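In what comes next, chain A is part of two complexes: it sits with chain B in the first one and with chain C in the second one.
Take a look at the complex of A and B:
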């Protein structure tokens, strides 16, 4: 879902930059106030894992591929503010070093994958986790991808690149498939972490934690 | 906890180095839409990245070039994100 340069109009690029910059700045402020230093290496490892996993495109129907975004994964473990900071860092590195995502599109990419995805995933996970822990992880991850794809469609259409009645169904339908991958991978990773470091998951299951 | 960190890093490096050359090269969801509806050609390059398309260019083999780029990025992100959160939490003191 990394938007390259050239797809977005200047007003859309600028306004998404402003929104993303403000939110990431706010996230840093929130994390600063609630910092738990012990978790820092874990956050580093999680970020490294997500960067690596984002390189592993998996095929979905019709000669298309998808890849993990990981916003919901981080948000479940550490809340949406930490997720925004980590995903933004990854997106910046990807854009500047690997030309994955445009530099003018960075604001929009951060908004979609680093803000909307983690917040949506976090809210849905929190709402559903007492009902069914595993299902809540899958559903939260899936919806986070579909909604961030919808946001992407909206940005493209507001830019005049493609009409909304075309972009929205096109983006949502393909990402409904990709979201299945996101849901499965996120669930798998959470369950794997539960085996090796249950404390992290206990926090995720019970805490009304710092991300409030 | 330390074992978990090392294991996690190992898994990440294995993915970034060994698996990355075998990732699907099909266009992703957005690219697929862009191709189908004819706006893919609007794509342009503004900043020249050192390793575009995850290719560590000095290396001739495409697969190895991808592996090295993946390893580099994975390790870089680990230190950058850890360092960033250290700075953030220090400033909170």
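Take a look at the complex of A and C:
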């Protein structure tokens, strides 16, 4: 889902930079007000953990592979603002250190994985958690990945790079499978945190104004 | 901790390594933008830009094999999405093989995407290999990137090694006590144990940093000033980029 350089038109690249920059700026303001310095080491380890986890690819189908995005995982634990900041930082690091995702496409990549994924995941989780806790985590993660992929397809077609009738089915079908992996990993990690270190979730609640 | 897969050659001594980091960042981003915004890149222009990258690589003493190996590892990931462009139905028929038709315009579009990817990935590999990560962070700080983003970038760099070490330690401990292959449950224990271990050590490291005066500001031993040499390089590169734009 990391869009490389050269795939987006100037208007799409510029407008996604403006949207992403504005949201990340607002998120930083909110996190500074609500959590302050206390959250920095935890956010740092989370960012490093997701960064390392994103290096591990799991096989999907037809020779393709996927990896954890982690937006919903962080959003469930710490809220969408923290998730947006952490995923955006990871995307900056990936594009600068590994050329994974283009510098000119950074705005679009942040919009897809750092904004749409955590917000969608968080909203769905909040809506469904009273119905079924485990199912809500899995569904939220799965939908967040599929919608991010759809947004990516839309940006590519708006740029005139790949027609929507090609990009949308291709992106959504592959990411519907990747989303299963994302959902299972998110579920296992949150259940493990609940079992072994519930204090982290309690602290997360305090940090982010009752995120859960 | 012996991990150097991120900025392996950034400590070498060369004229490129000595350039001002903010200037290098500006020149790298400007080259990528100059390349990306062009609708078509003729072969001679691509060869010219790639030759500039290779000259910079030679000057920086970075092994060509390292550069090409990294380029070939990253390029397929960047171009996998471009395959759908190759098989798009546009323009005159160029070639047909076992029922797969490739059209002339689609082939041209795919080649352009490939050229842009090679140049942008090559530029990033060159930039990262010739710049220390703490200098990149200092440069971000100087150009007013939000301090929380800069702090998190520095923690990613510090803690990613911590997370890997913690995972390897947990894995070694589990494997040493078991003759069987790790099951799915064991893997989830390994991952969660290394996560909590990293959190504890991350908190300790942060407290130690604060005790030694860390206040969120990135400091480097040598403050990089913008020298006359940097100015000459900036002037020459701007002329080169303008030529690339106009050619």
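Heads up, the rule we're going with is that the second predicted complex is superposed on the first by the 195 of 212 C-alpha atoms of A that agree within 3 Å, B and C clash if a C-alpha of one lies under 4 Å from a C-alpha of the other, contacts with A are read in each partner's own complex, and residues count from 1 in each chain.
The rule is short, and it goes like this: a residue touches a chain if its C-beta (ideal position, glycine included) is under 8 Å from a C-beta of that chain, and two chains touch if they have at least 3 such contacts.
Quantities reported herein were computed from a predicted structural model and do not represent experimental measurements.
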{"item": "Combined model on chain A where chain B meets chain C, clash or fit", "value": "clash"}
{"item": "Residue contacts with chain A in the superposition, chain B compared against chain C", "value": "B"}
{"item": "Partner chain(s) touched by A:25 [first = chain B, second = chain C, both, neither]", "value": "second"}
{"item": "Which superposed partner A:188 touches (first chain B, second chain C, both, neither)", "value": "second"}
{"item": "Partner chain in contact with A:10 - chain B first, chain C second, else both or neither", "value": "second"}
{"item": "Chain B versus chain C as contact partner of A:131, first or second or both or neither", "value": "neither"}
{"item": "First, second, both or neither for A:103, with chain B first and chain C second", "value": "both"}
{"item": "Which of chain B and chain C A:33 touches, first, second, both or neither", "value": "first"}
{"item": "Touching partner for A:67 - first (chain B), second (chain C), both, neither", "value": "first"}
{"item": "Which superposed partner A:56 touches (first chain B, second chain C, both, neither)", "value": "first"}
{"item": "Against chain B, colliding segment of chain C, chosen among 19-27, 55-63 or 109-117", "value": "109-117"}
{"item": "Overlap of the chain B and chain C footprints on chain A, listed as residue numbers", "value": "2-7, 28, 31-32, 37, 40-45, 47-49, 51-52, 64, 85-86, 89-90, 93, 95-100, 102-104, 156, 161-162, 166-167, 170, 196-197"}
{"item": "Touching residues (chain side chain C, partner chain A) in the complex", "value": "6-7, 29, 32-33, 35-37, 74, 77-82, 84-85, 88, 112-113, 116-117, 120-121, 124-125, 127-128, 133, 136, 146, 148-149, 151-153, 155-160, 162-164, 167, 188-189, 191-193, 195-196, 198-199, 202-203, 205-206, 216"}
{"item": "In the complex with chain C, residue positions of chain A that touch it", "value": "2-7, 10, 24-25, 28, 31-32, 37, 40-45, 47-49, 51-52, 64, 85-86, 88-90, 92-93, 95-100, 102-104, 156, 161-163, 166-167, 170, 188-189, 192-193, 196-197, 200"}
{"item": "For the chain B and chain A complex, residues of the former touching the latter", "value": "1, 3-5, 7-9, 11-13, 15-16, 19-20, 23-30, 32-34, 36-37, 39, 42-54, 66, 69-70, 73-82, 84-86, 88-89, 91-92"}
{"item": "Residue ranges of chain A in contact with chain B within the complex", "value": "1-7, 28, 31-33, 35-38, 40-49, 51-53, 55-60, 62-67, 82, 85-86, 89-90, 93-100, 102-104, 149, 152, 156, 161-162, 166-167, 170-171, 174-175, 178, 196-197"}
